[in-house]
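Questions regarding the structure given below will be posed in turn.
We just call them A, B and C in the order they show up, numbering each chain from 1.
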Amino acid sequence: MQRWLFLLLGLLASSQLSAETVHIAAAANLRYVLPAIIADFEAQHDTVEIAVTYAASGNLSNQIRHGAPYQVFLSADAESVAPLIADKQTKGPPFSFADGQLALFKKHNTDIELDLNLAGLKRYLQTDPQQKIAIANPLHAPYGRAAKRYMQQHDVWSLALPHLVQAENAGQLTQFTLTGNVAVGFIPLSHAQQSIVGQQGHYLTLPVILNQQGVLTKRATLAAELFVAFLQGDCARQHFLQQGFVVPGVP
Amino acid sequence: MDWQALQVSLLLATFTSAILLPLGLLLARGLAHQQFTGKYLIEALIVLPLVLPPTVLGYFLLTAMDQNALMGKWFYQLTGSQLAFSFNGLLLASLIYSLPFAVQPMLRALEQIPYGLREAAWCSGLSRWQTFLKIELPLAWPGIITGLVLSFCHTLGEFGVVLMIGGNIAGETRTLSIAIYDSVLAFDHAAAQQMSIVLLVIALVTVTLVYWFNRRLIQI
Amino acid sequence: MLSVNIQNNAPIPLDVQFRCAAGQLLALVGPSGAGKTTVLRAIAGLLKPREGRICCSNIVWQDSEADINLSAQQRRVGMVFQEYALFPHLTVADNLRLALPKQSKNNSQRIDELLQQVNLHGLAARYPGQLSGGQQQRVALARALARDPQVLLLDEPFSAVDKVTRRKLYLELHNLRRQLAMPIVLVTHDLDEAAMLADEMCVIHQGSSLQQGPVNDVLHRPATLAVARQVDVRNLFSAKLIKQQENLYLQWHGQRLTIINDNRFSPGQAVYWTLSPSKVLLHQRRRPSQGEQENPLTGIINDMITLRGITTVLLNIPEADDATLQMDVPEHVVSRNALQIGETIGVSLLAEAIHLMPDNREAGIKL
C-alpha cells in the first residue's frame, strides 16, 4: 500500500514493482555468505526479490512468533527453530543447509596464545587484564551459547565472566572484537575468514559445530520454497564451503 | 546506499508529520488558554514519549500490537493486516513518539498569542473558527512549521523504537537509521557513511529552513 | 440606552448597576482592582456574570432569569482594549476590514472614512508594530467603530501612551464623541480624565457601584463618605448639626457654619461635610465684597502649590483646632494679593457649596 502512495507522492521512483519479494530472517553469521547466494538465485529467478534481515537467531524467532512477516527463517542453530515448530508457525519440517563453526579470534597486538584447551586464555585471565572477551549474548544468539558451553567445558567460564562483553548478534560481536578494548572474541568462522577481519589478527578454529537450520514459515510462498531449494543445492553449497561453513555430505 | 530504506524513512516521516499537523494543532488548540481538570494529565501524556526510554515505549507497543492483544486484534479485524512488524505499526509508533515534537512548539506558539487578541477578534464579530483561521493560525505559523519539521526530522531519525517493533524488514520497516546500524555491523562503512550524510544533510537543511522561515515571519 | 445590572462572584465579587444614554459618555471610575474592566468584559460578552441583566438599545444581551446570554459576536459592541489588542500580522486597513459588518467587508471607502474619523491618514498600509502608541490607540478606536457598534466600550484607552500624546487624544475623543450616537462607557482610574471627558460618572469600589450621576455632582456632592474618598475630595471634615432659630448649622471645632437647609438631616446628627477648594473665597484686602459675610474664617498660610495656573493654598485654621483647609485660587490672585507662606488671611466658605454626608460610624455601618 505504501509503495502505491509513495508513487503518488512522487518522491522517488520505485523499482521492480512487478517483482515478488521474499522476506528472509537470517542469523547474523550468514551475513557474508547469503548475499552471493541470493545474487545467484536472483540471476535465475528475475521475478523474485529476496530481502534479508540479519539479527540474532533468538530475536528473529521471537519476532516471527509475534507475527513478523518473514517467509523463511534461517537460524544458526536448531534451538531457535524449535519454539516456532511447537507454536505451529512453520510450514514443513526444518532443514539443514550448512554447519557453522566457532573461531577464537585475537588481534595482532594482544599477547595471548591461542590453543584448543583455552590454556592460553586462562593464563591471560589470571593476570587480571584490562581487556575484555567478546561473545554473543548467550540468551538469544547461538554463537554466544556455543562459546559459553565451550568455556564451561574448559573451566574458564567463571574466570571469564567479569571480563565479558556481550554483543546482540554475530555481526555486532565481530564489530566489538575488532575494537581496541577487546583481547579475544568467540566469533563465527565465517566472519573470521573475512579479509577485513583477517587483516587485523588471526584465529583458531574451535571444534564446535553449529547446525544451521532453516524453516519455512506459514507465510511461505512458492518463491520462498524455490529459494529454500536453491539454498540446499550445489551452487549454494559451494558458497557455504568457501565462507568457512561445513556442508553435510561434502568432505 | 540503501535507497529502499530512504524511501521507507521518507515515507514514514512524511505520513507521520502530515497526520500530526492537524492532530497536533487540534491538541494544542484544545490545551492553549484553557483550564480544565485533567489538563495537566493530558499535557503529561503528550510529553511522556519525550522522557520515556524508547525501549519502554517499544516494549508496550510490541505487546499491544501483538495479534492476540486487544489493539493488534482490533486492527487486524478492521483492516485485515497486522500491526506488528509492519509499516502501519511503525507509523502508529511514530505518531506516538513524535507527538510531543509536533504539539509542544504549536502549543507554545498558540499560548504566546495574547488572550486579548482572541477577545478582540470576538468583539470584532469573528466566530471562534474564524478567529482561529484568521488570527491564531497566521500568528502561530512559525510554531506550527517548527512542529511539523521537528516531527518529520525526529521520525526520520528514530532508532530505538523502530528497532524494537519494526523488525528490520527491507521495504517495510527498515528505515535509514536501522540500515545505518546494519551497515556498520556488516563492516560496510562506505554505505553507513553515505546514509549518515544523507540524514545529516536532511536534518541540517530542514532545521536551517525553519530558522530562516521563522526569522522572516518575525520580521513582518 | 445601555442599562447594566449585574452580580458576580468570581474572579471578583461584583454588584454593579448603571445606565448610559445614547450619545452619552459614562466614566466608570475607581481604583485598580475595583472591577471596572470586569464590568466592561461582562457588557462585551467576554464574561458571563452569575446573574443580572444587560440591555442595549432595547435588545436584551443578558438576562439570567430569562436565561439569555448573547455571545460577544452577537452583541455588536465596539471595544478598545487597554493594550489595544491590534492584530500584529494585519495592516491597519485589514485590522479594520476584519471588524466591518459582512455587507461592507470590501468597502475600502468605509475604511478611509473610519481612518479620517480618528485622524489617521495615509497609514492604512502600515502594520501595528510600525505605529506609535497614539496611532495604535486611534486604530483600536477605528476598529471598534468599524463594527458600527451599539455601544462603545473604552478600557483605560489612555493608559499606554505618554502624557503629551494623552492630552492630544483627549481632545480627539472629545471631538469624535460629538459624531457618535451610541452610549459610550469609559473605564479609567484617572478622575481628571473622567471629569474632562465624561458626562456622567459611576464610582466603583470593591466591585460595587456606589454612585452614578453628572460628573460635578459625583465629584463635589458625593453621596457617601466612601464615594468622597474614591473621588478624592480635598476638604473632608466631620461635624455635628445644631439647630438655632429654626435653621440648621454645622458645629465644626467650635465654629458655627451656615449651611443650606437639608431636610435629610436632623439636629444633633453627626455628619461629614465637604467643600470644593474652589468654593473657598479669599477676602480681598482692598475691596471687601458681600460674600465675605458668609462663614468667615481666619487662617494662616501653611503652603502653596501651583499647577497649570491654579494655586492650592493650604490654610491652618486656629479657630478650628488648626484643621487644614484647602483653597484653590487663580495664580494671578495669589500674586495680586501678594500671598506669602506664614501670612494670616481671611476666607469665606460658601454656604451653598457645603455638602453634607451622613456619618454612619455610630450606626456601625462599615464604609
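The rule is short, and it goes like this: contacts are C-beta pairs under 8 Å (C-beta built on N, C-alpha and C of every residue); 3 or more make two chains touch, one makes a residue touch a chain.
Note that this is a predicted model, so its numbers are computed, not measured.
Among the chains present, the centre nearest to the common Cα mean is that of B. Between A-B and B-C, more C-beta contact pairs are found at A-B.
Distance from the centre of subunit A peaks at C, each centre being the average of the chain's Cα atoms.
Rounded to a whole number, the gap between the C-alpha centres of subunit A and subunit C is 89 angstrom.
Per-chain Cα centroids separate subunit A from subunit B by 35 Å. Rounded to a whole number, the gap between the C-alpha centres of subunit B and subunit C is 56 angstrom.
Every residue of subunit B that touches subunit A in the complex is listed here, in rising order: 3, 6-8, 10-11, 14-15, 62, 66-67, 72, 82, 84-87, 167-172, 174, 182, 184-187.
If you check the complex, the residues on subunit C that touch subunit B are 41, 44-46, 71-73, 76-79, 81, 83, 85-89, 98-99, 101, 127, 143-144, 146-147.
By the touch criterion given at the top, residues 1-3, 5-6, 9, 11-12, 14, 21, 23, 28, 31, 51-55, 63, 66-70, 169, 171-172, 174-175, 194, 196-197 of subunit A touch subunit B in their complex. Interface residues of subunit B, counted against subunit C in their complex, comprise 114, 116-117, 119-127, 134-135, 138-139, 220.
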